[in-house]
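Below you'll find a set of structures to go through.
Shared chain: subunit A. Partners: subunit B in the first complex, subunit C in the second.
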Partner chain A sequence: MADVNGNGLSGSPSMLLDGYDASRVYDEVFDADGAVRGAYSRIVERFSELDAAELQRLGELVADEFRRQGITFTVYSEDEGTERIWPMDLFPRLIAAAEWEELARGLAQRVTALNCFLSDLYSGEAAVLADGLVPRWLAVSSRGFERNAVGITVPHGAHCNIAGIDVVRGASGRYQVLEDNLRNPSGISYVAENRAAMAKVCSWLFEDHTVQPTEQYGQMLRSTLESMAPGGADHARLVVLTPGIFNSAYFEHAFLARSMGVELVEGRDLVVEDHTVYSRTIEGLVKVDVIYRRIDDDFLDPVAFRPDSSLGVPGLLGALRAGTVTVCNALGNGVADDKAVYPYVPDLIRYYLGAEPIIDNVTTYTMWDEEQRAEALGRLHELVAKPVGESGGYGVLIGPHASEQELQAARAAITAEPREWIVQELVQLSTLPALAEDRLEPRHLDLRPFVLTAERTEVFPGGLTRVAMRRGSLIVNSSQGGGSKDTWVLAPESP
Partner chain B sequence: MILVRHAEALLWAGRYLERAENTSRCLNYAANSITHLRAEEARVESELLVRTLGLTEELQAAGPLESRPQLIAFLLSDSDNPGSVVSSVSAVRENLRSVRDRIPIELWEEANGLYLRFPFLGHANNAPKELHEVLLMVRRACLAVSGVLNEGMRRDEGHALMVVGRMLERSIFTVNLLEASCSDPRGALEASRMLRLTSSTQAYHRQYGNAPDFEIVVRYLLHAADLPRSVRSCLSHAEESLNSLASGASALDRPRRRTALVRSRLEFGDIADGLSSAPVQTLSELALELAALADDVQAGFVPPLALSEIHSQYLRPGTADGAAS
Partner chain C sequence: MEPRREAGGRTCFRRLAAVRLSISYRMHFRYSEAVSESQNEVRVRPRSDERQQVLSYRLSSLPELSVLSVIDYWGTCVEHLGIRTPHTELELLAEAAVETEPSPAMEVAPAPQSLADEDFRSEHYEYLAPSMHVCWEPGDAVAGLAEVAVADAVSVPEMVTGVVAEVRSALRYQQGSTDIGVTLPELLAGGAGVCQDFAHLAAGMLRSTGVPTRYVSGYLFALDEAAPDAGDADSLDGAPEDAVSVQTHAWIEAAIPGWGWWALDPTNGGEVGERHVVIGCGRDYGDVPPVRGVFAGSGTSEVVSEVVIGRQADDGPENPASASARPRPVRVVPQNANRRDQQSAQQQ
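Presenting the complex of A and B:
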């Protein structure tokens, strides 16, 4: 166990960090010897001046702030189905400027390659399949592959305009991509609100650092979406399409519309005439150029997809085909963030960009490969099995935490439907201090940075740091008890 | 250009905001005045309050009011009663939530903050002190929302629609109050009470400087140009706001005309004459006029005929009649 109180911290030893054990995995703040990593020295000093009661009081202030503003999310599986206050822990995550620069380059590279893949698949010659890099059967059997999208071209070849790439740090301390989210990645609103709350409640924490701001996201997103308009960016009319106020991410949808200064519409607000999308205003129909949709492909157009969908817009697919409107993200992106396609992404980077991946994948075994399957099933007790069709951490089996019965069931399921599973080496996610009752304890975390693409690809500084609030848990999803942290990307001049 | 759905939500947010304030004012009156009345008098006055608030049908569904606590529960915390304070506040919040991308953050926060006090509202017992505190809280919160609406919101279509909603609801309340008072042969809601229920006592005294006279009070609450709760004043504001809405919204022409007509009848025309000869009939007709005006405004945003013209040429599967999906 690292003696974190023997690190020459100025001020009195922090009771909050007494017994903090940073020796088991890569800790973002303390190295294996218990020494504070450079970027965190002032933050640790600041926190050493606090006691648990004060930290709890500040946490309650943040919760009150979020409650008052209605910064919430909904967990559908709960009986009451009510909104929960967004959980945020006060100890921030810091990313040094050089480290961020490297990470951002890697993210931009990855999203660029994935866009090339989507463009090749839907509006190109599908050369990647013809060349055998990704098996054709695998791509076309993906639930995210959308035949209706074949032949629909998008401006700049940018199928994925907003990506959320989940990255983690394992024992080596190097970032690895855990998952690509290319359809409707959520969480950016919480990035901005976490920062706003931290700035209100813990403004003194910022005094020692120069932190890159987060409030420019709306402007960046608006520029990105405007340049996706079929007739060019000038006077383009954008809307954000939401399923409505009962959707779990409604707060985020309203945030996006407000921060861009555009309308937040529901499907019933839009109508298609002559292959053109209009919104219903009190002055009549007004043409819409770009729809930032926050509903899934299946619900977008009840004529083309699920006929029971009341969320979408009848005829939207026709308008897309006619090229009178752009839907962002494009239809069919699910094929590229299918967990079964994930193992091929490093090869996609080499294939399309002729470069080595800057950020690695987590080592992944494809279950449709007999050799790999045999190896993975033999070591399942030390690996992680993921169903390719699930998200939010649901259905994941963590070998070391599973019972023999659960392992047997997983083996049977994988053998029966190998296409539906991948198995990965267990990454012991890095940790960061988080308040647990009366002290700071290490908690595992990941990071979801957001990448915007139109004419060019930009990475928004920072991202959503999600943290598993239960001791030892590797599940960071908020729907399963995870929390969040403010993520600080430090400016180059910051200490 | 505001979406039809947003227009409707803002209109109703304005109406429910005003309704919450009206109901809390009536509750305050009930808490302070009805306690001093004999049981039968209190029952009559309670019924008149319910009628003034336009909740007669809802009361029939809820059952007879046999005690003051029942009246308070019905008006304060009965979530089945769409005119209760709890229901109104909840409706304000839900409507504003559906347009929170286009209203000031502070407006949403104030409405949400009021809603979050629901557990407090729901569990309030009927002890006068605590009820007073609850009503004070509601009234202050409504004033805070109004303050943000007036001082923090851009004078756009959204603002105009909330004002129209508030003014419609306020004028309907005032006319209902006058009608209930005039039609009650027992004179339970006498002049000073009408003034209290419209927060107009001080203004009346400054204007007339004497003990309230029933007929003068009725005319004052109808015609005064400088009284925020007079029907004329409400209609003038509603007219102004409707006119400020986009000129392209031709479906609003009908409510614009009707508002101007009723306002001018109050200002120059026959309503004053009717009050002298047949006050109850005149007020009943005015109440119907205002109800029709509210319907017109609503129809102006969601015009059924226009909707049938702008339906998608793509039908939802299973819709055989060609109706808009």
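Presenting the complex of A and C:
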């Protein structure tokens, strides 16, 4: 059914949605015929009542809110002022209850298998390598493989307590995992702040829906981390360890400490005595049981790792080896979120859990396999090349958007160091309407749900939706100019 | 016991019997100003393996500290100790009694092509790849020299001996000639080094030709690590009669397909025998440093260290009265070290 403006959208779209073209990729709001997908009918109606000026005004209110509270992020790559106000687009992303339930099961399954893998590797047995599932050379050549982690006891075998799994939806609308983040995934604070700002500025939007809340994250995280205490959760003393105010995610570190009601510390606030970690407080030294650290492995202990690091705690490795403290996430998770190991994750799920993966990987070519490399390099102009050691979208080459020179340079780099690259099929990320000047236009997005593990694995409802704010762009990272959206997981009773 | 030793002790020592060595390793840290904290890991305890047995071991410290002892990824015993009260000095003393045997003779001669086996390479990947102190690139001086050294080798053991001989002609042993940060090309250009340089260069050259090679940290019972058989004419096998003051030593082990690890000492060109006591092994020095630590304070630090090794009577450590087995106090060898040097202390 075509509307009067002839833009192919059904319902009663406002001026804001004039010319909205949902036919090119999977749009989460409108199907290819322009009909509104069920979950979004009320939201589309609500936005139809707005005009561009009103939407811009609301957007400014949100930005003011973020500015007042200092909700920012840092861009390292630009010369100019690197602190930016967190960008959020007002059109929310909705996930229906059944759809979420399936996705959450898939995420829990994946993180469970990744934890089994880490536990296997670092227990010293490494059956997975002996069985040839993952080549030994590949695992031990990972920069994230931390030999000092071998032999450290990790309660419940839960090496990754906080995972951020990036999922995308391609042309079919099916969810696929694009990337695992098992070391220090950030973004959860923005999930909470996005919701708080939306609830404040656009409370009327929530009236038609039962949306799963986000404010319980601190509670959930706290109980997860307390279960990781060496002596059990009772009376576990927990701290959040930050590199300090110059870190791009400092805002989040402060948020996490505050929402859990625990101390935010820097390395110099902690000391090790008799292989036990203590926090310096005004009441004197207090034993610490669990450290939620947001600093990299290499910086944790200058005795064992980088001697020039002043961020860490001298002697911490000894305390870990003594089993008097737990560091979360555990040491050495980088081997499991190494992009070169990613292609093996579906097999890890089959190996450890004896089950088929609920969520697939994006089709990926391993560059150290000569046949796959030849195929991938031959059609690199259609594919995406990623350096295995980078994150945040840095160094990614998107074939269709690359010049011949860039393609040549990438081919040469991949051939020279095949271990350092993976090549993936290009996923035409799904789209959602986002405000572009005076209208809503389709913008590509992904989703980073957060998965918490101690005795069991739980998926926090929703996650961080990141959206590429430039038309056609597939790079959603905030460090690369991406924005965000509030993400609503609808309660089961909702339509 | 006694008559047997009198009758054939030396012969046994040379030919077949295990040798008992007592080792005492003393590390004395001194700070120009009181430091409020220091944290250290030490890797000085000999390991037990097919060729050597640790009979006793003890690490003590002054002031007295609690020691946490664990086995690391490489199989080496690492001991953690820290002190959080202001101090101007810290003394550590490791004492070990070890029984060692000669290395078994090399009995196989797999062809160089056997190194190409994919499983063999994957299994030993860590000892084939460049590492922090063993860095080379295809076509550089290190790889070039290695290629020459193995050109005529028809077996893997010949490749290994060829490289060791080449290292010995490329480097002259000279105490104090290098620092821990030296690169392999710099070593070759300088033409001189100490035991760990010989071991690193040999490892790099062997790895570049596809022979998995690991770095071994340990002790050598000899007056002169570069010429262990010199200077003690009384001893049939060249080993000193009395306890000697030395530093820790380093050598290599190469993986021989179908056989296992073959130990060789590039510093003196010899096979590794009863007088070599292994602490542990890794990719290079960085995986098995005898001491690594940091301290909090503004002053400078100095670490004075000394290893004393002596032969122990056959009745071993159960008989502390065996005076000849006691290490004799010998002069100390001062070495200046700041925080960075603390990591590299004890190696020559």
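Here is the rule we go by: the second predicted complex is superposed on the first by the 478 of 495 C-alpha atoms of A that agree within 3 Å, B and C clash if a C-alpha of one lies under 4 Å from a C-alpha of the other, contacts with A are read in each partner's own complex, and residues count from 1 in each chain.
Basically, contacts are C-beta pairs under 8 Å (C-beta built on N, C-alpha and C of every residue); 3 or more make two chains touch, one makes a residue touch a chain.
This one's a predicted model, so the numbers in the text were calculated from it and none came from an experiment.
Contacts of A:V271 after superposition on the shared chain: both subunit B and subunit C are touched. In the overlay built on the shared chain, the residue A:L16 is in contact with neither subunit B nor subunit C.
Judged by the touch definition given at the top, the superposed model places A:G151 against subunit C, while subunit B stays out of reach.
Once chain A of one complex is fitted onto chain A of the other, the partner contacts of A:G70 are limited to subunit B, with no touch recorded for subunit C. In the superposition on chain A, A:L121 contacts neither subunit B nor subunit C.
In the overlay built on the shared chain, the residue A:A322 is in contact with subunit C alone; subunit B does not reach it. Here subunit B and subunit C are compared by how many residues of subunit A each touches, and B touches more. Once chain A of one complex is fitted onto chain A of the other, the partner contacts of A:P135 are limited to subunit C, with no touch recorded for subunit B. Touch criterion met: A:P314 reaches subunit B and subunit C at once. Once the two complexes are overlaid on the shared chain, A:P302 sits against subunit B and subunit C alike.
Once both structures are placed on chain A, subunit A residues 271-274, 302-303, 307, 314-315, 318 are touched by subunit B and, in the other complex, by subunit C. Those residues of subunit A that touch subunit B in the complex are listed here as 67-70, 240, 244-245, 250, 253-258, 263-266, 268-269, 271-274, 278-286, 302-303, 307, 313-315, 318.
Every residue of subunit C that touches subunit A in the complex is listed here, in rising order: 37, 39-41, 66, 68, 70-74, 80, 82, 84, 121-123, 125-126, 129, 287, 292-294, 296, 339-340, 343. By the touch criterion stated above, subunit A contacts subunit C in their complex at residues 135-137, 140-141, 147-148, 150-151, 271-275, 302-304, 307, 314-315, 317-318, 321-322.
By the touch rule above, subunit B contacts subunit A in their complex via residues 1-7, 94, 97-102, 105, 108-109, 112-113, 116, 157, 245-246, 248-249, 251-252, 300-301, 306, 310-318, 324-325.
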